[in-house]
Amino acid sequence: MNNTNSKNIKSLGNWMHNLMLELYPICRSLAGPGNRESLFIIKKHIPIDILEVPSLKKVFDWTVPKEWSPKEAWIVDPNGKKRAVFSNNNLNLVSHSVPKNEEMDLSELLPHLYSLPAQPNVIPYVTSYYKEDWGFCMSEAEKKSLPKGKYQVFIDSKLEIGSMSLGEFLLPGESKKEILISTYICHPSMANDNLSGVVVAIGLYRLISQLKYRKYSYRFLFIPETIGSIAWLFHQDEHEIKERVIAGLVLSCIGNEGLFNWKKTRHGNSLIDRVVQLILKSSGVCMDFSPETGSDERQFCSPGFDMKIGLLSRSYPGTFSSYHTSADTPDKTPPNALEGSVDCLFNICMGMEVENIKYQRINPYGEPMLSKRGLYNNISIKKEEGIINSSDIRAHLMWVLNFSDGDHTLLDIAEKSGLDLNLLYKAAESATEANVLKKLLVSDID
Amino acid sequence: MNNTNSKNIKSLGNWMHNLMLELYPICRSLAGPGNRESLFIIKKHIPIDILEVPSLKKVFDWTVPKEWSPKEAWIVDPNGKKRAVFSNNNLNLVSHSVPKNEEMDLSELLPHLYSLPAQPNVIPYVTSYYKEDWGFCMSEAEKKSLPKGKYQVFIDSKLEIGSMSLGEFLLPGESKKEILISTYICHPSMANDNLSGVVVAIGLYRLISQLKYRKYSYRFLFIPETIGSIAWLFHQDEHEIKERVIAGLVLSCIGNEGLFNWKKTRHGNSLIDRVVQLILKSSGVCMDFSPETGSDERQFCSPGFDMKIGLLSRSYPGTFSSYHTSADTPDKTPPNALEGSVDCLFNICMGMEVENIKYQRINPYGEPMLSKRGLYNNISIKKEEGIINSSDIRAHLMWVLNFSDGDHTLLDIAEKSGLDLNLLYKAAESATEANVLKKLLVSDID
Amino acid sequence: MNNTNSKNIKSLGNWMHNLMLELYPICRSLAGPGNRESLFIIKKHIPIDILEVPSLKKVFDWTVPKEWSPKEAWIVDPNGKKRAVFSNNNLNLVSHSVPKNEEMDLSELLPHLYSLPAQPNVIPYVTSYYKEDWGFCMSEAEKKSLPKGKYQVFIDSKLEIGSMSLGEFLLPGESKKEILISTYICHPSMANDNLSGVVVAIGLYRLISQLKYRKYSYRFLFIPETIGSIAWLFHQDEHEIKERVIAGLVLSCIGNEGLFNWKKTRHGNSLIDRVVQLILKSSGVCMDFSPETGSDERQFCSPGFDMKIGLLSRSYPGTFSSYHTSADTPDKTPPNALEGSVDCLFNICMGMEVENIKYQRINPYGEPMLSKRGLYNNISIKKEEGIINSSDIRAHLMWVLNFSDGDHTLLDIAEKSGLDLNLLYKAAESATEANVLKKLLVSDID
């Protein structure tokens, strides 16, 4: 169930990387034409609905921002040289900058120029979402080289009443209970943060939608960070959503190579936390929930909702040097890393699909005789590599046979044994076919 | 109570080692004359009943095997040289081999020859209990040296309807609640696995049977591994046995020197687990229950029984190089190691006898004045070795005086303090004599 | 609330050290004029009541000792040299020595001479409280140099019916629930053990008494060790005291530099244990309760009282080389260390004052928008030092905003976040002023 076809995955990796390259040049923000253009491209591959939330609408403590439509922007230095040209790099212009066409002295301009002294060759990503302001971003090297004198500042942009766009798709399963996959589309021209989240979510959709059987429904969100999740939550029924969404993963910075990172839900030990912890045993680490930093899990886990949603990343937001800079380019998120992320996510979802199954021994007294059922060698000789060897299916079989007492779920057994959840499921299914186990009805799915 | 006479123990060690040497040459298997001969020798030292379970009887998912009576076996190579002669070493013949007298080519013979390439000079121990088959075992060196040509294969053995023999003795105590000591008698000519278990169980019996007072009854089992425990369990009342047997230890590979290993019961934190963990604090390690490997604890802990029985060994089965080979000889299990194992087991039993006692302070306000009762020096001077010194009886006294509040058992106090359970018992008894504590009735013994 | 004025603290340190120098020469014991003189000096700085408990009164299992009034004592060696002169060093005379004026041979004298072979140049502190005896203490070097011959032993002391003096003051707060600060006054001429406890308790009183608001009342005890706390407890109502005193700290050996040590209450995880553990996170260690050694917490935590009282020290009693010797001099307890101890104690008390406050989000859905309330920058740029930075007030704010759900106390949030309890309180109060949180009534204060 969890072995995706490795050739498919390989081509899926390249396919995701190409999709990322297509989305990379578009200037996204909280609301505006760049976001809409991105959602139209996404919609070609996953049949999302696009919901429009009107500008200035109050959503809980927040207000939906105006649409921002940047066209061109630059500054001209005293020597006539154009600098920080928006059409060269989206990051050159502070996001949501108001229009400007004005001559000013360098000293007046400097408070509006942003750079990173510790990383002198990259352009930082700066936003001014909730205060009407303007600014330019450039490398520290360029900023230091600016000559004194008069500068022409030119920003051709609009901040207008319109709407903020949210993308959403529900892939139905046998149950109406949902697993939520949420990622954000508000970042311009940065690959890991967060086009990786966008293409990995689509990659996961491609695999899950092909399954013949899904216990759970899967809801995919492509929304602006913070204000997008707040606006989406605003339109849900608080009690119904907590009932319906049994677990969720926010995807962020999930395109680079290296270990995975799971930031636990606010509950800390919910089913999704336990399943992810098992799946990441040798491929990642888990950290406790914290409201200080992160992404939309902070909104989903605000005390009024307190949903069982965590954050899956490969580099936790803010902890890698190219974060929020022009150095966050697609070559940092190669196809094989994107593939690995989809594979991990798929394993997590498959783990969620089977974790609460319970089996019961038909005859619970002593061990069943495996050899008469072809499940064990008849000739017994010491293994050369030593008797303790948990890598084979026999180990998985012994565990499900002993702990299938009607009390332990597959997840419980996986945690006790340290064995792979999905292989335990396979072993239990074999034993069920061999009439040694029976599967119990699980009541917690509607 | 726990200080066995060290001279007795010393002679007990030699005595056990001699008994092992007497049992070593006998060819045991699941059922047959070798097992019966061994039980008769055992019966000289512990008054066991010998129960016979008929061949082919269904016991839960298993079938009792036929009796196996090997007489002689060998192969003759093309040069007329006899090899793998059964009467030279029981391990040369695959256990439960059917009779054979046939000439065959080396190529036909080879699939029936067993050796260990990684240990080229030892003979492996191989069985074919549940499939009628035959085979020989030899060193990898010898196997490699076999010349091509015609071989004569000769096996004079019988597989006949008869019975499987189980040895059992109940040493009564004040209560009908039992502690089960189970070990297995099915292995031919191997010392640590498992004649060590047999002689250590008898050694323990010798010490415990001499006690003037025993709270618990002690049941000793000497049975074939797996099928023996399953057959024994088959003849018990499922509910009554779970009530009656409050704890148990399976003894396996307990004759070598080195740390002890306790494989916990399926419950993980039952009283026997807690007591053994305390006793082994500086002499062993504990591992969690696992149904993958081990010995009869897997049957006692199958979900239908789920008894509080773990496995005590010094080398966990399968983890030492001489395991299941001709290298597992009595010199690897010297008298002092056998003595140490009996001493450890005796301490565990004594710990079980006292662990649930509760005491209560007669006047619980402030510390009792120890000096007026001769329990403390009147002159107080700083100790040269520092004030913190938990090795003396005063430390044990202070702990029982503070925590004898009617809630804490001696086991609780031992766990909190890290002090020796049996010394805490002594301290509490002194304080009871000094009228500072009173012993509370414990209700959980019938 | 927890930032004491550092200049006050500095002068407080010197002030405490000077007070210690004033108390140092006085010869204290369990009962007698030295104790009374010390309490009169203490009373100048904290308005204690002095309670007198009659000699020979039975208090629980103990008897109040007679008053001991030493005047002068020495021995004269065969050469006429005076040695172990009491008026040179209080420690030269075994505490509670009976009067003596007698000539004797060195061999008769030696059993009454105490020294520390491992520390040959210091005089040990020796007592004989509960057995009428006598003795002298000297350095091992001096003891070894004593010539053979006749010695004159002279002790001018009285052991008379009188009373034992206890000092006690209750500083009232809004609630009648108390925090108990207990320290002992029975040690002569030793600085860390335990004049440090006396002056630090007074230093704490000076800070706490200046607070405009105190939730709790604070009770200060200055009593002889063991018999003093037992006598004090004897005069309390057992049930009322357990209700009234919600927590307490015994102060011992708290004047030296270095890490703090908290010996937990017998409960192990009571509120005071949790608060101290947080406060000491980077400045100390916690150890589990043990009745073996320590100070008066052993009486407060005897099973009949079982109060939530632990021991705060900087060097756990008995674990430093100058302990109970003439080397425990005031230069080992410098003003800055005394200041640090008062600061730590004050932070603990302030933590206790706020730990159980709960707040609730007024609108619990999503995060509140901080920027519109001036709690967050409007321009968002990556922090140079990395996004994860828990040292600023924003981190504290995010935690109280997420976990103020009516369930979590400030203590819970501090434990989850690892952030400073008193700064979390500040952040929560700011958010309350900004109308984002409301403070909930806490019911567990009468």
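Just so it is clear, A, B and C label the chains in written order, and each chain counts residues from 1 on its own.
Here, a residue touches a chain if its C-beta (ideal position, glycine included) is under 8 Å from a C-beta of that chain, and two chains touch if they have at least 3 such contacts.
Keep in mind it's a predicted model, so treat the numbers as computed, not measured.
Undergrad: After a C-alpha superposition of chain A on chain B, what does the rotation angle come to, in degrees rounded to the nearest 5?
TA: 120
Undergrad: Validating interface symmetry: for the copies chain A and chain C, is the fraction of residue numbers used by both over half? Same or different.
TA: Interface between chain A and chain C is built from largely different residues.
Undergrad: When the C-alpha atoms of chain A and chain C are each averaged to a single point, how far apart are the two points in Å?
TA: Roughly 53 Å, centre to centre.
Undergrad: Taking each residue of chain B in turn, which ones touch at least two of the other chains?
TA: none
Undergrad: Mind listing the chain B positions that touch chain A in their complex?
TA: 59-62, 94, 114, 116-118, 124-131, 133, 135, 226, 229-230, 233-234, 238, 266, 288, 290-293, 298-299, 301-306, 316-319, 323-325
Undergrad: Report the residues of chain B in contact with chain C in the complex, numbered from low to high.
TA: 361, 363-369, 371-372, 378-384, 386-388, 390, 394-395, 398-399, 401-405, 416-417
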